[in-house]
């Protein structure tokens, strides 16, 4: 049997799609992740891994001089894309959603953008959102991260002109169904102009925001 | 085979539970519904039917002198329980939810209470809720009817002291899953103090509100 | 990247909604939970945390002099709201439901109410419920906790005038679907006047009961 | 292409399994149903069809002299199996379940048994069950038909020595999920000794009861 | 707060329903299980526990002299009900279903009946069932345990006169959905006369068989 | 707005994949279906449409001289692919599955193969399958069509050397979940060597069989 | 009871969110739809309704001089927003998806943008996508409409720099689950940079695209 | 109680179905797996086990001289079936799918066939598939392994004449639903000629391919 080949990197992906290939580190060994990060960095001067397992983080950073770690979600980057002057908001409903929000914000900054963080403005205390709304309105795209009933994107999309990206999270229990309820709720939001990404996919939200602000 | 017996009315139910027995008219014939309404009214001086099929409504009202029809949901009542001084809010997110909201409000009024109607205050235009919030705050119980993402009960429960009863509706399409998404979302709402009833169950919400204000 | 901000406490929530903000301790570190409890207590003279992880309980209580622990569910309180003269029943179907029932009862008592406990009165031995029914009828609200087929709220709601709050639990296996079956069953109960909260959400049931007895 | 063959009757099935082959008439044409009934009757002196479409019932009975129609469910029989002295209870929770309960009772009587009908004893008015319990206890098997939350089999199985057959029905709306909720609830009932058949399958419940009382 | 009461045993259950109360040991402590078993045995001269956690089994048996352990499923009994002359078949589709089949057979024998074991006769090698069919046909009830596609009860019910009890198991992966596929398949089996119990519920199947053979 | 273009036919598909493009007629107008059939036939001397709506069938055949109609499923063909000497079995569990089985058999014959029809050999009367097994064993591929519990493919795959294609059907009610139960059951069948196609997809099964017998 | 109020129009929505309020016409009467369109047009010089029921379309257009109808989806507009120079692609997988794609394209043009239509480029004939890719790459946003397995957005997102909006459709049968399969598939697409909207929500996709190109 | 019998091997299965019986090692003890492998090998000169638990692999290979281990999936073989000249492709979408793809390829080679491995050709970089397509086209059957949105089988089936076997994998998170999304997507693929096997069932795909190439 022909030996299985390790992840063939698709180095032209950045050129073709505007989003560089990144390493999804969960389920890979430390050695695989180190090699993939090195390979990306050598070619492009930039490498990003998401969801590095907790027990690999220290060793991965040690093996990759200059690596920067996002400690909640376990994202790691080497270098960064050129800075832009674009601000993108990352709004989240509760403290429990910070892992996902941090992955999104870290990815945005690795891609060169400013991330405006607005935290703990869930719909059960909606006045807190109003305090922050002017800053959010100044952003080019708004990423809204929410678990449980996933209602925050609807409220935000009713208040801003920017496109809203909804990220359902697996926060909650019972009827939250590990994020499926929030996903379905965002899908059927009564405010138009919301694009939804997969449950807990902070990276995907950031990649979509990046395409929105850099395309054309 | 012993003949099947038609619905044996449980006339003591009102005494035992505080909610009089009512007729769920869908799926029954006109003759059955007329007979059941008459039976209830003769004993208790009050009768209520919900979900009378559209094609039976005129005939039912003709057969029952003094009957009052709620035209959207097809609820019909004969008489009413004694008037109270209690106000209960019936808040709904969109025009499409009016069938369910009207069933709830008509039932409340049949049970003797005032129903404060607040319509079309969905979360995508949340400022409209603020305009009405003082009136809602003056109510003893707040029924919130919402389909699609079902987010409105969370927002309301974060703004009022009264208990909130959430009624998911089957309004929406696709990911709304005929009301299941709204039901799950209300269940996992981040604001505490919400009790949820079945999809489209305006009567059930009114019955729960009635028990809340009349018990003890 | 702006540093993520820890849970901003919403200190006015108690005034606005009648339910004080509480700490959902699961998924937070011991230090976070200690700090949040202290912050709440210093402002309001009362603090409640639910679902403190088993391994943090001793340390949390040691760090917070005067803390009272509910040992099954891991709820912890500092102080209590003023005593009322209201009794609220907490009825449960089986021994396995005690974790949820204890969280509800502990929360009720922290909020100042008397909790009447009625345990192990499942529908498969319904006579045991009859023995206790008079005490239950004397309560202002009845919380009914049940897993598996979730039938007990229907039976209770057919016997009492008080509003019934149904709490489905994740007790059971196979077709119990981790509480979803009980949740759906309570939603479609044939007795009107039941408000349902999320699976295993004993705290939420108590918060709803508290709003019912204190509002207006 | 070889012509498709119409239902090949399995005439030895009665001998092999104790349950004669019957005609599931829904989805077949009138001519097919007449031919199948005649074929069964000519061989065995007995024929039973279930779910005859409403528009075929009169014509089918006219084409089959001596046919007996069960008007709610559309079951039709020609002849009957020899009378036994066995009584089997058919208990149902609500008027809406009568279609299924009538199919079960008609099948039992066609198979030679007495069907004790107990109707409208739902769990929300459980005292009505107590009035009938002695008669139910005198039966060899108890079929319990229930929709919505499907709680009645649990209660009955906790009160009688006979085996209980649960038949979930598609009665209800919203969270009833067309009978799936009742099915799951009966599956996870806290009382042991309940065998469950498919949603609305009154015939299947009767066939199982028949095997229980005639086997060996 | 009134102290939570441990499982109140329902000692009259055996008289009322024909199935003695048993201990569901999973989720209880060793001390609780020992106490419950002793309590049952002292009153009735018989006690049965199912699903004793692996780590409690040795200690439980040591604490209860005369205890008999079923090693796969962790059922334990003290004493047994009087022997009958009834044989009940326990048929299973694959080796992986033995945990559930053993629980069923052990329960049957504890209740006084003979259990005829037929193992590894899955539908993919249906000839093996034929070799065993005469023995199965001599039994009063047939319990059929099957996971994955859950097809075996249909095949067996087409071959025997005895009532068939289907027990879906959580054996399988992927589309087996932890037993839900087998449960649904058994529900919609094309052979009539099958009563289905919960996933992996070997005890429940035995309890139903016991009621079938002992009632009246 | 640029006018929407009607189905651009992919005429090289037959060369590229071995399966000619066919018309899925449901949801298209009569004119569209006539034009698409003519377009295919003019290029390739062969055209096949499946699921022609009942009300279009006569007109479509009239508009297309030489058209051959399969009356149950509404498939229509013009011409046929060259005859092969290959036999493919189409086995089905019940009369109700004939619509799907007929679509499969008609497609096979349109593609040039012999279809061996074996009907009404469901698992509840498994001896009927044995009567037909030698003919089935002589076929190069076996298509097995089954609804309800979907068990027949497992049994057949345990008896023959040919690859088995399982086609779940939407036959059944309640727990059959419109074919999803049969689909899941076939997926998790205990006999290896079964490839499953979509619910009611008789055409797809025939296309797969055609690729199996003609590839290379 | 206070009379229910008809849809209160939220005229500032366009200012606040960049997307003008539109009329969701399904489920409303002709009179309501006429009144709502007139109200919007009088204030803003522009009005759009989607999903006008087939039987209302002619009358609505007659009642609203200058109305333009999109015939497949039943969208109707009065006037249009100012023309931009932006092109947005609307790519769809099959003819059956045209209803949704046409709603999206019509909305885009009503909002002032050019819609580049690319039709019938499903993944089973992926070369057709390549023929059109250069035109797609010249667009600022790409809307991809696909039913069944919903794979097209992944393929497109791997080929273009523009952000991709995925619109799952309810096209398909059986395992397509009325669009839920396509929705889930788009959510978990392996290409980053896709935002997903509700099933069949062509309008929502256009609204999101409009926000992307006009915000800031 | 009669002792439970260990897996009775069905040694004639190879003769009857063309696929030898194999050992599904997960959930069995080391001793059971050694005994089963020895039993198979002594009779037939060939034995295959799949899913040997990681902690048993070394010991199993030591106990069975000549055993060959596939290290990712834990398949083990003793001997092999006679070599054929048939090539079968095993195509997979991503590195994460290699466990399943390796099980399929190892099984194919144990059954005597050549496995052409094509790895990391997911639909988000579809050009990589084109580079490999000629090799794939030269194969008699194509197995396509894909998780997440499961789109690759559609694309491949639109490009080759060989039958395609789709293997959904549990790779992905959130909306991937542990492989159910990929399973449903493959089922409803727009390219005909795909047979789907269970989630992660690499062995089953190889068994079906083996039957396709060896039957008749």
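We call the chains A, B, C, D, E, F, G and H, going by the order they appear; numbering starts again at 1 in every chain.
Following the convention adopted for this analysis, a contact is a pair of C-beta atoms (placed from the backbone, for glycine too) under 8 Å apart; a residue touches a chain by one contact, two chains touch by 3 or more.
Predicted model only: the values in this text are computed from it and were never measured.
Listed options C-E, A-G or A-B contain a single repeat of the E-F interface, assigned here to A-B, on the basis that more than half of the contact pairs agree by residue number.
Using the mean of the Cα atoms as each chain's centre, the chain most removed from chain C is F. Chain centres here are Cα means. That of chain F falls 35 Å from that of chain G.
Inter-chain centre distance (chain C to chain G, centres taken as mean C-alpha positions): 45 Å. Annotation for chain H: residues touching 2 or more other chains are 13, 94, 125, 157-159, 173-176, 183, 187-188, 191, 198-199.
Remark: the chains found to touch one another pair up as A-B, A-C, A-G, A-H, B-C, B-D, B-G, C-D, C-E, D-E, D-F, E-F, E-H, F-G, F-H, G-H. Chain E makes touch with chain C in their complex at residues 1-2, 4-8, 10, 13, 24, 27-28, 168, 170, 179-180, 183, 198-201. Taken together, the chain C residues at the contact with chain B in this complex read 13, 16-19, 140-141, 157-165, 183, 187-188, 191-199, 203-204, 207-208, 210-212, 214-216.
Those residues of chain G lying in contact with chain H across their complex are 93-94, 122-126, 148-151, 154-155, 157-159, 172-177, 181-191. If you check the complex, the residues on chain A that touch chain C are 72, 94-96, 98, 101-102, 105-106, 109, 115-117, 119-120, 125, 128, 173-176.
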